[in-house]
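Multiple structures are listed underneath, in structure tokens.
Paired with chain B in one complex and with chain C in the other, chain A is shared by the two complexes that follow.
Let's turn to the complex of A and B:
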């Protein structure tokens, strides 16, 4: 597949102050292993009567998508493609409980409707009257990445622009459930000290992040998505050969990379995969999950970070106190992330 | 020039058969799979008919060849059975020689099993065996379980767009092939009945207490079903290389959105019309080229009006034969698009049109009626297969006879 893919607009609702796209905001420090989003005032995006009915991740998803469209100056995108690991957890949990509590009788259908994984997509389409292609991927650490691949295919096929995004939320109940299978650290920590606590598990997070993608660059472009690679449960050997192959396929050598954003999350069960980056010692490697927490679609947050850094040509030092020496130039950013060792992704993000 | 996408293998399990041959036999015998549930724990056990696969979950794990192994939900087992048949049908003993993708579809993943233990899972006071189901709460689990058994080694993901999920999986797979990213992809969906979805549709007052009657004036909703269906898609070059038998061609597809209402279609069927028209045109067909439409035809009040209006708008006075096969299989949600795509291939390869069961009276709003007879030796070359879902998601596939 040939063809270019540029980020023409972005918006992110995350556990950091990201909504206005201002990289000078202070680091939000949360004590406890569950990071929650800093939510914007939704009233400037969503009508009050709609707002009342909507649950949290629907609001987050819709507001982030609308802000992204505003940022890009495009009202009606040529397609809407999203990824989500969990959809609207609050609605799923509520409907399961209501089935039990009301013994399957006289149930309110709203949580059922909103629990549908493509509910956010439908809302965006409805609000913007977007009658074109609409798809939702729900595959853990490949949810956002396949949304991105689908978007790149669409651009390649001639769609003028695509709204691509990711959304996931965490609830206390689900935090507890995933804790039972070892997702989170046993010790209670603060996100700013994440990397000092290398032990089994990590910290949880959430986010709603959208991008407007187009095949041609303009003055407003944030960055170019140069390459994308997904590997399912790769062996260490496979992973080790896949990285240079990925760079080579995109016409780059290891030394062309100016910055690596890594999904390293201080989880000792799955930390060894990041050894694949040991050959990239010539440039800074910055972990990002102390900012976002870990969740299925955290890769979207890394892409947002890369896009902001490349456009603004700066790395926010208050968010990355581990950065010793800023890179001399910021042209090629490599993202490597995996979700609990299962879904591994490489992304190449380049300055325009 | 993008390669053509060929269908080279089929595998399925539904309430009317454990494999493709059994499904065809039941379709020909006009035998509905609707009955009351034997597997589901619900107060609607003897009230709401469903099209349930007639095996217990342990029996399914035997059929799938994973008896005694833990961690397979009913969703994963149904999928695994259909997947194994599809690979065998395509003559693929092993996938090692060719990067093979898997695009699956699911609406609620392992909910069929997790809903029975959810409150134990969420209760800090409780410990036990149920913890093994935690990883099956999402939609990716079934996909990965199936992929790992058969050795999928290419792109893998899961799509969830409600009732159109597996039609979108087929479309995405075809597009990956056309873009040259992979030469073989297995696409479809799997769905097990759950209390969650049964109560969901029932709360929307969308379920008929009688066997559903699509396109009938007296219809009153759908019946849910379960099952799984996968189609092996291969590029023309790979088919030539390995001298595979082509069953049909996936010639066109479209995904449009209505942007009308979260759960209801527009009365004029704008989304259905646009999806069918775009899919047809992509395959270079005019309305006169279509011999059969396997309609979404859920028998809900609003779907059948919208879809019928769309058919009348698209085909005018000459609406081709059309029928809903949901009275046979129930509405198997994420598996429906895959099941019906297989029926479209069968319609072509056996020159047959399936009857729309339980139809009596023409709908007031429409001029057209579905085919109620089994038609054998009917010249079928091009079939449209419709799948429409919540969120205004409309998908249509054009499946054509392979003529070289």
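Let's turn to the complex of A and C:
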């Protein structure tokens, strides 16, 4: 990827206490296989007259984006680019249910409008009066990564800054449906014990995470996004060669990596993919899905974590009790994540 | 009529999720849009759906809709006029 991309602001609403960007918060333990977000008080961000109509993921998306803009000091970004795997599930479910209940007649406009994937982007644009480029990617496990790639290309083409983000929610109904196709563990566990239960399936999650990206670094920069590589259903051979090639393309060797954040999620169906990291034994490899759960845009949470850790030069030990020896310094963080074995991503996040 | 207006207020609050509004806060003749309850164009569509679902009345002409949705009073009068046997 030509051109530079720096994170100038961030905000995250996740199943952990992440909204204030404070890494000292305790680990939120959920008993059950469905992690739900710790939500802030939305009234400080959204007017009551607008709030009354919004469903959960819209509130989460809008509040996280506005907090991110606040954090960056930029009110009107040069572009708004997001990714979502599912959009507003609550609205989609309500709309579909009403189609059935009212026999396709007398349907409420609100759930229809809000069930469209670009509803969050529209709300951000309206709230901030931003008439610039506005796009939402809905590409399953590549949704956020494609939004990020588009943002990086926009910066390269001269857009001064981009608000990039991801949002996804889980509902009991969707959890049930995905459970039927084997996404979740049969046994009920707690997220803090996720990695002790290596078996088919994982735990579900959700989150709304936003970044303000710019082509130049400043004192407030969190980190640089040094590289991004996506592989769709790679063969084991392709995956094995892809990682050294990715590092080489970014001028690094395996030993230059100080920390790996992995999407390992204790799903025995897809655990073998993480063997690609077997050569990185010199540095800690920390899984993050016990914090976020698994969902299409969980990669955004990993990027938020990497950005926070690089800026604060610390790894929150209460969130990562598996960490034995913290790295002496954090310069290069590698993220490797995949979505149920299909969409694989390498991301390089570097200290500024 | 009074009973209908009271029922309508409860239905409007529920349909539009007006969380901090009680039926007694809505004046019968106060405008629903603009200065009154401060509703917007999406709310007007929601109120059309309310009329169709709760009272089986379909408003076909948008110009007619504007008059009907002026206030709780005008909505109630319209519902009553439709419910009276011809």
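The rule is short, and it goes like this: the second predicted complex is superposed on the first by the 351 of 352 C-alpha atoms of A that agree within 3 Å, B and C clash if a C-alpha of one lies under 4 Å from a C-alpha of the other, contacts with A are read in each partner's own complex, and residues count from 1 in each chain.
In the analysis below, contacts are C-beta pairs under 8 Å (C-beta built on N, C-alpha and C of every residue); 3 or more make two chains touch, one makes a residue touch a chain.
This is a predicted model, so every value here is computed, not measured.
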Partners on chain A (chain B, chain C) - clash or fit: fit
First (chain B), second (chain C), both or neither touched by A:108: both
When both partners are placed on the shared chain, which of chain B and chain C touches more of chain A: B
Touching partner for A:95 - first (chain B), second (chain C), both, neither: first
First (chain B), second (chain C), both or neither touched by A:129: first
Which of chain B and chain C A:146 touches, first, second, both or neither: first
Chain B versus chain C as contact partner of A:85, first or second or both or neither: first
Vertex chain A, arms to chain B and chain C (CA centres, degrees, nearest 10): 60
First, second, both or neither for A:119, with chain B first and chain C second: first
Which superposed partner A:175 touches (first chain B, second chain C, both, neither): neither
Partner chain(s) touched by A:48 [first = chain B, second = chain C, both, neither]: second
Closest approach of chain C to chain B (Cα atoms, Å): 7
Intersection of chain A interface sets (partners chain B, chain C): 105, 107-109, 113
Contact set on chain B toward chain A in their complex: 42-44, 106-107, 115, 118-119, 121-122, 124, 131, 134-135, 137-140, 143-144, 147, 152, 155-162, 168, 172, 175-176, 179-181, 195-196, 199-200, 202-204, 255-263, 270-271, 274, 389-393
For the chain A and chain C complex, residues of the former touching the latter: 48-49, 52-53, 102, 105-110, 113
Parts of chain C lying in touch with chain A, wherever the complex brings them together: 16-20, 38, 42, 45-46, 49, 52-53
Parts of chain A lying in touch with chain B, wherever the complex brings them together: 1, 80, 85-87, 95-96, 99-100, 103-105, 107-109, 112-113, 115-119, 121-123, 125-126, 128-140, 142-143, 146, 149-150, 153, 156-157, 173, 176-178, 180-181, 230, 232, 342
